[in-house]
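Just so it is clear, A, B, C and D label the chains in written order, and each chain counts residues from 1 on its own.
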Amino acid sequence: MSKTTLRPQPADSSPLAPPWTVESWLNHSGQLTLDQLRGRVVVLHAFQMLCPGCVAHGIPQAQRVRGAFAESEVAVIGLHTVFEHHEAMRPVSLRAFLHEYRVDFPVGIDAPGSDSPIPRTMQAYGMRGTPTLILIDRAGRVRLHAFGRPEDMVVGAAIATLVAEGSQELATAAADDGMQGGAACDADGCKP
Amino acid sequence: MSKTTLRPQPADSSPLAPPWTVESWLNHSGQLTLDQLRGRVVVLHAFQMLCPGCVAHGIPQAQRVRGAFAESEVAVIGLHTVFEHHEAMRPVSLRAFLHEYRVDFPVGIDAPGSDSPIPRTMQAYGMRGTPTLILIDRAGRVRLHAFGRPEDMVVGAAIATLVAEGSQELATAAADDGMQGGAACDADGCKP
Amino acid sequence: MSKTTLRPQPADSSPLAPPWTVESWLNHSGQLTLDQLRGRVVVLHAFQMLCPGCVAHGIPQAQRVRGAFAESEVAVIGLHTVFEHHEAMRPVSLRAFLHEYRVDFPVGIDAPGSDSPIPRTMQAYGMRGTPTLILIDRAGRVRLHAFGRPEDMVVGAAIATLVAEGSQELATAAADDGMQGGAACDADGCKP
Amino acid sequence: MSKTTLRPQPADSSPLAPPWTVESWLNHSGQLTLDQLRGRVVVLHAFQMLCPGCVAHGIPQAQRVRGAFAESEVAVIGLHTVFEHHEAMRPVSLRAFLHEYRVDFPVGIDAPGSDSPIPRTMQAYGMRGTPTLILIDRAGRVRLHAFGRPEDMVVGAAIATLVAEGSQELATAAADDGMQGGAACDADGCKP
C-alpha cells in the first residue's frame, strides 16, 4: 500500500485507508475517525516530536498546508507515531511541544504495538519512518504516501488534484466503497 | 484584469490573456504564442535579471514548477519585463544570466513601450512590478495574477487546480471564447 | 550583570561568572566547573529542548561554534534551563533530544529553583529566557550576554576576540581575581 | 600566496598583498589603495555580478561583515573580477546591480588582463574563481584566502583575530615591510 510516489495514484488502484488506532487526541475533543472526514481530502502527517526532520520540515509543511486550503475541503491531521525513545515522548511532553510550536490541528497519539516498538497505525499504513505524509481522497482511499521531505510545490499540487475531484467522483467512489467493503481493512493492515 | 489573488478565479469571470509582444526569445527558436500553447496550463513568470526578489525567489520557484509538472500539461514561460535600468539589462546580459542560473525554459524579452519605461506586455497585463506570476488556463484565460512572493504550496495548488480542468471544460471554454471574442484584447490591454 | 551586548565588554568592568548549580551532566562524566575550564574561553549556551528558537537557531549555532574553534582554546557547554513545562522536559527526554540532534558537547541540567520555576543557574546569571548565549573569558569573567538570536558573524567575532586575549592578559586577570574574590558570587546571584 | 585556509596564517609567513589594479571605483570617489587602508584590517570580497554563489552567499556575507565591525577597524572592499561573459557585466550593469542589491561599500572594477580573460588583480592574487574572500592584516599582509562559501562563524572569527592584533604588532610589521619591500609585488604577481 505504501509506495512513495509524489503524484496521487489513480483512484481505482488505490486501497482504502486503514482506520486509525489512536490512544487519545490532542487539539480535539472526542474521537476522530476517517468516516467522520469522508467527503474531504485528508492530509495525514505522521511525526515524532524528537525527529529533527519532522520539526524542521514536516510540521512546518503541515502548517503551511493548513494555511493554504479551506478546512471545509481539506482536513490536516497529525499522528504521533513513536517508534523509539518511547519514554522521552510521553503525552505530557507532546502536549508542551504542540503548545510551543503552535500546532493547532488535531493530533492523535498512535496506540502502542503489542509485540513491537512500532505503533499500530504506523504498522497498518506500512510507514517506513517519520516524517511520513499520507494523502487520503474524499472517498477514503490512500492516494499518496511519501516518506521524508517532499517539496511544498509537489505537495500543494497533489492536494489540489484531490480537492479537484468533486462531488461527481465522490458519488462514484462511494458506490465503489460499498463494493470493496471497509471490512477489508483492519488495524493491522489493508487487504484489497 | 490583474487582481492579486492566490486561488484561481472562476473561469467564467476571467478575461482572455492578452497576446505577448516579445522582441526575441531565448531558449526557444522562432516565435512562441499563447495560441500555440492552448490546451496546456501556462505559467508566465515575469522578472528582471537585476531584481533581487526575482533572483532569490521568483526564478527558483519557476524552476521548481518546471520540475513538478509534466511539460505536456504545463508550460513554464519567462518574460523579461525591464522597466528600469534598461541599459544594464540588455539581451547580452540576460543571456549570460540565464546561462549562469541554469534557466532552461523559454524566456521572451518584452518589447519596449513607445512612450513609457514599462514594456508592452507588462502594460497589457497590468503588472505592478517584478516578480509577477500569472497563471493562464487551458483555454487561454488569466486565472491568477500574483505580484511578489506567493508560497510554493499555494502556487503548486493553483496550477494543479487548473491542470485538473480537463478536456471537457476546455471544450466548453473554447465555445465561450468564440462568444467573448479575442478582439477585445490587444497589445495595449484587455477590455472585457 | 546581564546586559545584552554584542561585543565583549571590557574586562575590567566585567563580573566574575557565578558558579554553575547543575543537577547532573550529560555527555560528560563527573562534575564540570568553571574552575576546571579556567584558561579557556567558555561558550555557555542556555536552552530548553522544547524552545523553538533554541532548536532552530541556538543549538545549531553552538554546534557551529564547536566546529569553528579548537577545543583547547574554547569550551562549548550547554545548560538546560527549564523554566516552564517542567514535566515535559525531564532528563529522559533531554537525553533522547541530545541523541537525535547529535549534540555531543557537555550539557548540564540546571538545578530547580527552591521557590521559583526559574532554575538556579539561570537565576544566578540573570538570564531573561532561552536561548541565551554567555561568553566567559579565560579568567572567568562574563564578557558577553545575549538573549535571542545573535548573528554567527558577531558571535564568531566575539569569541575570537576573547581567544586573542592571551596568556599575558590572563596573568593580569588572575591577579585581579584575587582582589575581587570569588566569594562575591553565590548561586543566587553575583554582586560585584 | 593563495592557499585556502580558514584561519589566519601566521603573520611572519604571510606575503604582502599585491596592489590593486582597478579601472574605476564605484561607491567611492577617487582612487583607493592598500596604502591608504594600512592600519585597518581589509576584507576584500572578489565577485562577479552574475555569479550565483556570489549573489546568494558572498555579497550578503560581505554586507554582514560591514554590519558587524566598526569602519575604523575594518574596511570592506568589493572587487569585480570578471573573467567570463565580459560583455554581460559592463560597468553600467554593475552599477545597477549595486544599486538594486544595496551594496554601499566601495567596489573596484578589476582591470582587464592583457593576454588573458582573467583580470589583473585576480591574477596578481592567484584567485581560483568567485566568490573569493581575502583578509589583509593591519600591516598589509594576506593572512587568509578563501574560495567559495566559508561559514560566517569562521569569517567573523578570522577578522576579529586580525583586529585584535593591535598597534604593537603593527609597529613590528611596518619595520618588516621596509625590509621586504613593496617592489617585490607588481600587478602581475607577488614574488617574495
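Throughout what follows, a contact is a pair of C-beta atoms (placed from the backbone, for glycine too) under 8 Å apart; a residue touches a chain by one contact, two chains touch by 3 or more.
As the structure is a computational prediction, the values presented were derived from the model and not from experiment.
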Shortest path length from subunit A to subunit D (each step joins two touching chains): 2
Label of the chain whose CA centroid is most distant from the centroid of subunit A: D
Chain centre separation (subunit C, subunit D; CA means) in Å: 35
Inter-centroid spacing, subunit C versus subunit A (mean Cα positions, whole Å): 41
Separation of subunit B from subunit C, taking each centre as the mean of its C-alpha atoms, in whole Å: 53
Shared interface positions of subunit A, touching two or more other chains: none
Chain contact graph, described as a line, ring, star, complete graph or other shape: ring
Those chain pairs that satisfy the touch definition: A-B, A-C, B-D, C-D
Subunit B-touching residues of subunit D, taken from the complex the two chains share: 50-52, 55-56, 85, 87-89, 92-93, 95-97, 99-101
Sites on subunit C touched by subunit D in the complex: 61, 64-65, 67-69, 151-161, 163-165
